[in-house]
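What follows is a set of structures for review.
Presented sequentially are two complexes of chain A, the first with chain B as partner and the second with chain C.
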Partner chain A sequence: MNQSKRKTRGVIEKTLAEITGALEQTLFAEELARQPGLLQALDARAKLLGAFALLIAISAAQNLVVIAALYALTLPVAIASRVPLGFFLKRVWVLMPFFTGIVALPALFSPFTPGAPLITLIDLASPRVYLAITYPGVITAAFLLMRVGASVSIAVLLILTTRWATLLHALRVLRVPQAFVLILGMTYRYIYVLLHAVNNLFLARTSRVVGRVSGADNRRWVAASMGALFAKSYALSDDVYLAMLSRGFRGEARAMDAIAWRARDGVWLAVFVVIAVIAIWLGK
Partner chain B sequence: MHIPDGYLSPATAAVMYAASAPFWYRASQKIKTVIAGRLVPRIALFAALAFVIMLFNIPAPGGTTAHAIGSVLAALVVGPWASVLAISVALIIQAFFFGDGGILALGANVFNMAIAMPFAGWFVYRALAGNTSNASRRILAAAIAGYVGANVAALLTGIELGLQAALFRDAAGRALYFPYGIEVAVPAMLLEHLTIAGVVEAFVTGGVLAWILRTNPEMIVESPGASSTVARMPQWAWALIALLVVLTPLGLLTPGSPWGEWGREELANLGLGYIPAGLDQWSNLWRAPIPDYDIPLLENPTIAYIVSALIGAGLVALATFAVLWIVRRVKAQPART
Partner chain C sequence: MMDQNDTPIFELDHITYAYNNQIALNDVSLTVRAGERIAILGANGSGKSTLLKILDALYFATRGTARAFGEPLTEDALQDEARAFAFRRRVGLVFQDPDVQLFSPTVWDEVTFAPLHLGLAQNEVIERAEWAMDLLNITKLRDRAPHRLSGGEKKKVALASVLALRPEVWLLDEPTASLDPRSTSRLLDFIDELTREGKTIITATHDLDIVEEIADRVVMFCEDHAITGDGGARAMLSNRERLIECNLIHAHRHRHDATGEEHIHHHLHAAPHEHEH
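Entry: the complex of A and B
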């Protein structure tokens, strides 16, 4: 009984924690993106294209050393961009193993990756039981972890040093369809509104509930709150549309600020692309 | 179910982007035509909503919690095409803002969760609910649609991951990307979704639809009459999906090699019929017709492809037929509630 109480409470608390976490994370990113730093000073287009080139290189390289080298390059860049190193390392190497580490773990062992044994764990003749950590298994798992770690690092650097508004603008300049960019921008804006609404909803609920709530009741309540959010978004979208119309929206969005492409954006983009090409070539 | 970067080969990632592109194009064409952008804020709001719903912890039977995706729910409320855009946008923001799901793997994630899932759920719902105004039947249909949608997405994810080990290995035969084959990846994905995640999706789809039907029934696009444009879709959409099912693994065959090495066996095998006689003497490389040891090398991945494509298509078809069979059984008897 006691256990089920904790669990059902946990549902709301976990969601609250995740919503707060999401809000905090974006605030942190926005704040970091405003600071002066190496990547912050670059044009969002250069960063976006450079990140793509490096991600492709990480993905295409078939050599662990090359992938590790690409990862190592992100560290000085992170420092030069004022990304707290502890945060940067933790974000990649503490959180990721919970998912990818568990995925990669069985690959170490002989039943999944047969091959030359590195450590033999069980070796019985009869009945035949054999379990070993194999050499190819370690390599395979290392490939997965290194690749994911390096890719996440690049993505985190892009996210932390680029303001959403400029990233959107970059997408528009890079010929992503107008409607798509428009929707992306509005979505991002309204995620905050909805997150705050959910936060209030959940806080109100927790502060009014005393005692135990059954799982079924909780499920019903979660469905009702999602439904309420649906209704809220529906009403909001009508309001937004009317607001857009009254401001002269005719199916096309215009942005006021033009972003200037400077020489050093080009230089850095070239650096990223050259590194990526070299890595692909070395990693063949 | 969000695939991170590093799990898929670049070739697979590119193929999945290519598979998603026509759906994106078609979906954004559709919103252009719908009354002067009225759908723009609606899709944006539903994308934001989908993002928030993905953060919800939902108590699953048995005491654990799981996350829902909400694609099928979005398809029922705003229609499948609008939900393609809304869920895609939510996935893009997750990838570019929260590092959930890879940037290169975005095409695959979109295809699984923002295209296959809402369409699969939508068709199941249409088949089960038909034009009924019976709320219980619609809610049940929505729940089953959510369950099927989540499992179709999980199946596709399993196939995409499982193909990696069959297709992309280094010279020593070690897996370069996701290390397990289809025989491990698909059951692992399906086990989770058939038991827990699918049930949660079913509950969210059915439960929220029930709430909306009770409080704001006018919100739902699927009511008969409102969906005249969408009701036309199934035929060609089915054909397109069938085509993609067939083409996706075939398309993988060609780019499968550029990222491996342009090794002699591959080149020889790829171009064997077209190599001129002069070239034949020019290099030893070309002289050998497929040597004995080459055949298993090429055939294994090929067989893996075709077998997996057949398994995938077969399972989807099987699920569809099973659902249709159930519909007939249900229709034959008067609904209980």
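Entry: the complex of A and C
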């Protein structure tokens, strides 16, 4: 019982630490996007289109070595863009096993991917039960993990080296519907306000709690806080809409004209596209 | 500075506004003329912010009639884009919470939002935004995200986002809320500048210390969401009974300044409601 109490108290403290961590990480990302580096110097449109071409190549390539080579290319680019390598690798590969790994896991086994066994786990004659990790299974799982790893690396590089506002601007210029870009921008903007609100709720709670609180009480409090936060965000959305109306918004978002496109951006976009085309050709 | 035909800027005639069956404004009548500086005084929840939103045509009266610049101020009237744009170019509202007002990804996007959405030409949008940011000394914040700014900086960006419109009428909701003394002082300087330009300034506040600096006229709200007094700032502020009644000062701890003595005053009373000074 005591142990469970300690555990639930830990959950609140852990959430606090995670919120602070998330805020710090985005601060770090924004700082990184301001550093002078290879990708930082490029126009967001060139990066966005280049990333898109490479993502298509990763999905289309049927050769594991080609996909691995595309992934390997992201590493020197990350270094040239001043992205700390440890941070970059951790960000891509630490959470991957939990998400993609779970999806890829069944593919290893004979019932899902039949073929030559690599490791036989169960082989009974009567009743007939057979379970093995197969070669084709390992290759299928490796394809999935490698594709996701390479794609996430490219997306992470794009986000870490481009300021959020510039990225939104690039989306606007590339004719992504304005309403979509506006919603994306506002979502990101207000996540901060709500994260701060949650942080304050948790801090206020921590400051008033002495000793141990039962798991049931903690759950009740978390549920009540979720309700309070929902009410707060609902009221906030109402007020923000009024603030937009007050300054002329009538349901149609407008944007300023595009920024100038430089020759260097064109060259780099061409480089990305050529790499993507070669990868698709080699990986046929 | 009076409107050309001396037409009032706002005319509210017996306005009532209810939200979810709760009365937020109760039978309010008010006339505002060009160049007036008015403080809407009242405790929290007395209806000040609601009144500003009615004046900015964000809320529409449940009962009663409202006119702005001689034209009806109704939801139907503002369906017409040209009329809505004409109204919004003339009236600017600065919200109390800058996090509500600053919804754009960067300071630049924020300051250009109003001129851009009110149909100004792009070169004029840029010219106005640069002018407003320069005036408020926030040019260096141009590419920053509003959520990363300090409270004082956020308030400046909120002011610049309205200033870029160059409105004739400024509606300010609790402008000094959560500002440090230096930012408050800068804000008062800014309001002073608007006054010199002959703008109409309507400020909702419960900060008695700034009232005489920002307003010549005081409209006072009590907890019944109705106007209980309307008059010159000095006369209204010296009516202590009314200030106490409307929860703006406390009977046992308040400032004595009408007599020239300015001090925080504590006292106990022997008999109930005895307030001899």
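The working rule: the second predicted complex is superposed on the first by the 231 of 284 C-alpha atoms of A that agree within 3 Å, B and C clash if a C-alpha of one lies under 4 Å from a C-alpha of the other, contacts with A are read in each partner's own complex, and residues count from 1 in each chain.
Quick note on the criterion: contacts are C-beta pairs under 8 Å (C-beta built on N, C-alpha and C of every residue); 3 or more make two chains touch, one makes a residue touch a chain.
Since the model is a prediction, treat every value here as computed from it, not as a measurement.
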item	value
Of chain B and chain C, the chain that contacts the larger number of chain A residues	B
Chain B versus chain C as contact partner of A:30, first or second or both or neither	second
Which of chain B and chain C A:186 touches, first, second, both or neither	both
Contacts of A:161 with chain B and chain C, given as first, second, both or neither	neither
Which of chain B and chain C A:240 touches, first, second, both or neither	both
Which of chain B and chain C A:81 touches, first, second, both or neither	neither
Touched partner set for A:40, first chain B, second chain C, both or neither	neither
Touching partner for A:249 - first (chain B), second (chain C), both, neither	both
Touching both chain C and chain B, counted on chain A across the two superposed complexes	164, 185-186, 188, 190, 193, 236, 240, 244, 249-250
Chain A contact footprint on chain B (complex, rising order)	4-10, 13, 24, 28, 31-32, 36-38, 40-49, 51-53, 55-59, 61, 63, 65, 77, 85, 89-90, 92-93, 95-99, 102-104, 170, 172-180, 184, 203-204, 207-208, 210-212, 215-216, 219, 259, 261
Residues on chain A engaged by chain B in the complex (per definition of touch)	3-4, 7-8, 10-12, 14-15, 18-19, 22, 25-26, 29, 51-52, 55-56, 58-60, 62, 91, 99-100, 103-104, 106-107, 112-113, 136, 139-141, 143-144, 146-152, 155-156, 158-159, 164, 167, 177, 179-180, 182-188, 190-191, 193-195, 198, 215, 218-220, 222-224, 226-231, 233-234, 236-238, 240-241, 244, 249-251, 284
Touch list for chain A against partner chain C, complex	27, 30, 163-165, 168, 185-186, 188-190, 192-193, 236, 239-240, 242-250, 253-257
Of chain C, residues touching chain A in the complex	53, 56, 58, 81, 84-85, 88, 92-93, 95, 97, 99-101, 103-106, 109, 112-114, 116-119, 122, 125-126, 143, 145-148, 161-162, 165
